[in-house]
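In the two complexes below, chain A is the common chain; its partner is chain B in one and chain C in the other.
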Partner chain A sequence: MRKTAVINLICIVLLCLVLSPAQARIYIDITSPAIRKLPLSINTKGPSGAKKIEWTVKSDLEATGMFEFVDPDVPGAEIRADLRVDTSDGLKVILTVTDLIENSEVLKKRLDASSMILRTMAHSVSNDIYNIATGRKGIFRTRISYLVNSSIGRKELRVMDWDGYNSKTVVSRGLISSHSWSGDGRFLFYSSERNRKWKIYIRDLRRPVETVLFSSRGLNLVGGTSPDGLVSFSSSRDGSSEIYTIDIHGKRLKKLTRSFGIDVSPVFSPDGGKIAFVSDRGGTPQIYIMNADGSAVRRLTFEGSYNTSPSWSPADDLIAFVGRKNGKNQIFVVKSDGSDLRQLTFSGNNESPSFSPDGFFIAFDSDRDGGRSIYIMRSDGEGLKRITPGYMKAMSPKWSPYFK
Partner chain B sequence: MKRSLHIGKEPDLQKIVIASAILHLFLIMLVTIPIKTRERQYRSYSVRLVAPAEIRGEATIAPAIRKKGKAGVKVKPAPRRRVRPEKGVSLEPPAQRVAKEIERLRAISALAKRKKEKEAEEEAVAGAIENIRKKKLGRVSSVAVAGARDSADSDAYGRLISRIIKSHWGYPVELRDSELEAIVMFRMDEKGNIIFHRIEKSSGSRPFDRSAVKAVLDSSPLPPHPVEREVVLRFRP
Partner chain C sequence: MKKLFVVLLLVFAVGCSKKYAKAPEEEAVKPAPPAMVETVTPAPEVAEEVTGEQLPVIEEEKITAEELSPEEKAKAVFTDVLFDFDKYDIRPDARPILDAVAAFLNENTELNIIIEGHCDERGTNEYNLALGERRAKSAKNYLVSLGVAPSRIITITYGEEKPLCTQHNEACWQRNRRAHFVVAK
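This part shows the complex of A and B:
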């Protein structure tokens, strides 16, 4: 007992010692930082291919508008990325990212690829740097599907990197109209007219296999996909165009709308609970939102007499759409409760907005430079960039999800 | 057996009473000590460095500092600012350090030019620091002085350093989130050099923590204070 009493006393004395030097401190609140970009330096070593990787990485990060590149020989950077490129046996990149404020190495990674092309490797590097610098997941390895007018009466379905490079034709048969990615990025759903019949097809991007998801008389146009594997589409099989959902195996067909007007372009909210679509039930085409079972329909857009092509942001409560203003089609964004309407584009005719999987970018097509091309911009309308060549008639971009 | 053990413990009651008395005393101390330091409330000083009209001015000053930093650094390889405080003890600082000091003073005076009221405030701060210094001469314990300090003097000093640190703080708009909050503690020496810093509470976002630490480190040296050496900053976007 004596011992415990002594131990108690010692403990108390120690505690008092710890507590007593709690000398006066100044407590200050600091808010509202200045708007500043993240200073980053990229230091690349290796053969000629190395520079190409560096350029691609810089172009990726530049597009976010968050970075400022600092020469590696000059201080001022907060983060330094070192790239050691070796092309002697396949393609190897050792990426080291250093936090220059705390002076600590935060990432060391070896990227190894025998078959991967240079740009894909560079996009992986961009993702890693972006993640460390911002704490967010990069979209630099996502892709965009789009349509190209290849000849009269024909439209090809193609897929390209997010920056417009590395384009590949996926389907070249028939007249392809709307298209959409599956939630895991493995399948493409698209509507195509072959032999005067509109069907909805599925294409596996890993194998050259095409299957029919839905077929009926009338016009069948695919809209979007939900996280639990449903596909939304519009069909005029009963006369007027209505909204339906179906599962990925072509089962569980559900009719969601029964109105006199035309209902088209159904897209799911990111959680799959709601569907935004276009309807002319009020006299003009406007965007409406309903629950995924077809209940609780409400009108979203009230400005102007023409609002179409809704795209739901995967990250924020934001819907992008096309609205006609002064006779020209422009891209707008609005919250799902109808508030905070903002116009993002101001020149030419702009169509088919589609959000990147992080909601940070919007891809769309526009004729602002003459021919129809695909552009990307940030979701605040800044950082506009054309990603398809001017001579190519490219349209209807659909941004892929993150690939698993 | 159990019984006998029980009886054997009985006489220790007195000791238990003593122990309980000590514990009570300890509890009382626990309660009273926090009262002394209870004024750990974060003070916000409305500085308005990023008022819309002033953003441009801010932007022009920052690159100027950076450029000068670059020019100065080319002479000497990679001088990390964090290392500097230790060197600051030497009586004859290198010319480069002096140049940096001058440039910092210039930046501060440029800030003052933009806001007329700031000049008056700086005088008030100087007066306040002088006040505290005088008081310190008459006392032995610095803690006692801190306790008896004039809150107005402390406010003026807090306002000054809050403004300096804020002028070094930047964060991309795209990454802002109203829930971010980082608490950074730092300690400075008698010359105002920041000699120690620590993240007391991480915001959960590495970039945000990094921006806060950078603002602190870039602010060194701060105007020295005769008494206060430890500052806790709460950063929120």
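This part shows the complex of A and C:
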């Protein structure tokens, strides 16, 4: 009896060792200019639901453009991911990643999902494969907040998985406009018009609690959040719309701009040191950058007469924005010094760009298919994918940060 | 004890001959993640919708001015003021309308008004809200310059959120780029 107990204990220790292998090699260097596609095969065993997990994993990884899927029965893959799905008691996946060149196991992990849903689990599997392959954190468990036009003059705030599934309504009251995530992904800030007043509200996503962050006469539109917990917004409390910052408790209000025209849509740089915003001080709406204390204002965009909706990449020195070209709104990216301007969309009207937390994807809305839907593409404009159904009038996506 | 070990091994077992129940449909598997589910409040019915331009009442059968309440008279005077694309300055064709509105307000000093600023769909949503506010304020400033007390005028912007007309052409866009007058209740 005692002996078997000891053997069991040894087995458990051995299993634990197997479950935490050391990782050394990076298979895809995403910093290299020409990324080679990594040949990957996915081998899934389990009941009928298992294929659904495999399908989601493939769809996640496919979107990066970094993987080439090889049939498990055909040679040529450099990496093989084995998914053993077990649904006999809750939902379990044993993920084994094998380096077929070195013929060594580089990851073995057991994911237990008795309380998790299938897709969420699949996204976790994708994150692990992506992390092994690139050494980077995957975004497959992040979410996107967005607006749905439920009827004329009404817009509700919803949150969905990054691939458009698992959508939930967060706020359905009034007319909602700009919105932004807190740095930890726990809160949503949003501007809403109710009874002819535009206020900025906060919604705790863990509890059904809504509070007012900022209220004044005029138009109050939330912009973004900084790593040290400041919220940027525009307000016309003093008459003309100017840029302000405030902390998340509604204290430490600071007015940053004083111009006659419209100043709107302020977003922080990833380090919180700078703010990009839209101003028509030069006669047409253009994007400007200033220090987060309001000093050193300079104009960023010079092409065209309508440039709005800046979004700062959380990872790179890149700002996405909406520019009007040949009468249509298109998504552009530019470096913060104004160099390397590139147009990413060419079809229909494309608005509201928002970067994924790794800076690798951009979510935006477009009318290219007739309605108004949310799409994602990679930040080089490749890999376009519609993620909201065509019948739904969906717009203004804001990508969440990584969740803690 | 041996059983325990066997169970442990089973966790890592490759295939399994046991017949599984068909995986339930996705919707059924989705338990709502905590907190995210509930909306803050159920959407209330909009009780006092001020939007939606009433179709021109002016064409209706003529009733003598004496029979009309000031609110009804206001509807006849309150024509939308229109703007150019991405502009908020008062155009010459808007002046007679604003002059009439000012004269009416100066006669009916018990009435207060709301000016709604609206835009066409072509701009981006946030900028359009700021632009709509400017349009409402331009109209307000004009009325104030003609002697209407600023405290009698509330401005509100709806940007491109409440279009009068939903076709995608210039005639429709022009109708939507407007400052709209409503009697405050």
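Note that the second predicted complex is superposed on the first by the 369 of 404 C-alpha atoms of A that agree within 3 Å, B and C clash if a C-alpha of one lies under 4 Å from a C-alpha of the other, contacts with A are read in each partner's own complex, and residues count from 1 in each chain.
Keep this in mind: a contact is a pair of C-beta atoms (placed from the backbone, for glycine too) under 8 Å apart; a residue touches a chain by one contact, two chains touch by 3 or more.
It should be emphasised that the depicted structure is a prediction, and the values quoted were computed from it without experimental measurement.
By the touch criterion stated above, A:74 is placed in contact with chain B alone, chain C being left untouched. In the superposed model, A:336 makes contact with neither chain B nor chain C.
Residue contacts after overlaying the shared chain place A:206 against chain C, while chain B stays out of touching range. Using the contact criterion defined above for the overlaid structures, shared-chain residue A:28 touches chain B, although it does not reach chain C.
Considering which of chain B and chain C touches more of chain A, the answer is C. When the shared chain is aligned, chain C comes close enough to touch A:308, but chain B does not.
By the touch criterion defined above, A:265 lies against chain C but remains apart from chain B after alignment on the C-alpha atoms of chain A.
The interface of chain A with chain B overlaps its interface with chain C at residues 1, 4-5, 8, 12, 15.
Residues of chain A that touch chain C in their complex: 1, 4-5, 7-8, 11-12, 15, 45-49, 52, 84, 86-88, 92, 94, 110, 115, 117-119, 152-156, 159, 165-166, 168-173, 175, 177-178, 193, 196, 198, 203-208, 210, 218-219, 221, 234, 236, 239, 241, 262, 264-265, 278, 284-285, 305-306, 308-309, 322, 327, 329, 349, 351-352, 395-396. Listed in rising order, the residues of chain B touching chain A in the complex are 12, 15, 18-19, 22-23, 26, 29-30, 33, 37, 40-45, 49-50, 55, 58-59, 62, 66, 69-70, 73, 78, 80, 82, 142-143, 146-147, 149, 154, 157-158, 161-162, 165-167, 169-175, 185, 205-208, 210-215, 217, 227-237.
The touching residues of chain C, counted against chain A in their complex, run 1-2, 4-5, 8, 11-16, 18, 20, 22-23, 26, 29-44, 49-51, 86, 114, 122-127, 129-131, 133-134, 137, 154, 156-159, 161-163.
Within the complex, the chain A residues that touch chain B are 1-2, 4-5, 8-9, 12, 15-16, 19-20, 22-38, 64-66, 74-76, 78, 99, 101-103, 132-136, 360, 378.
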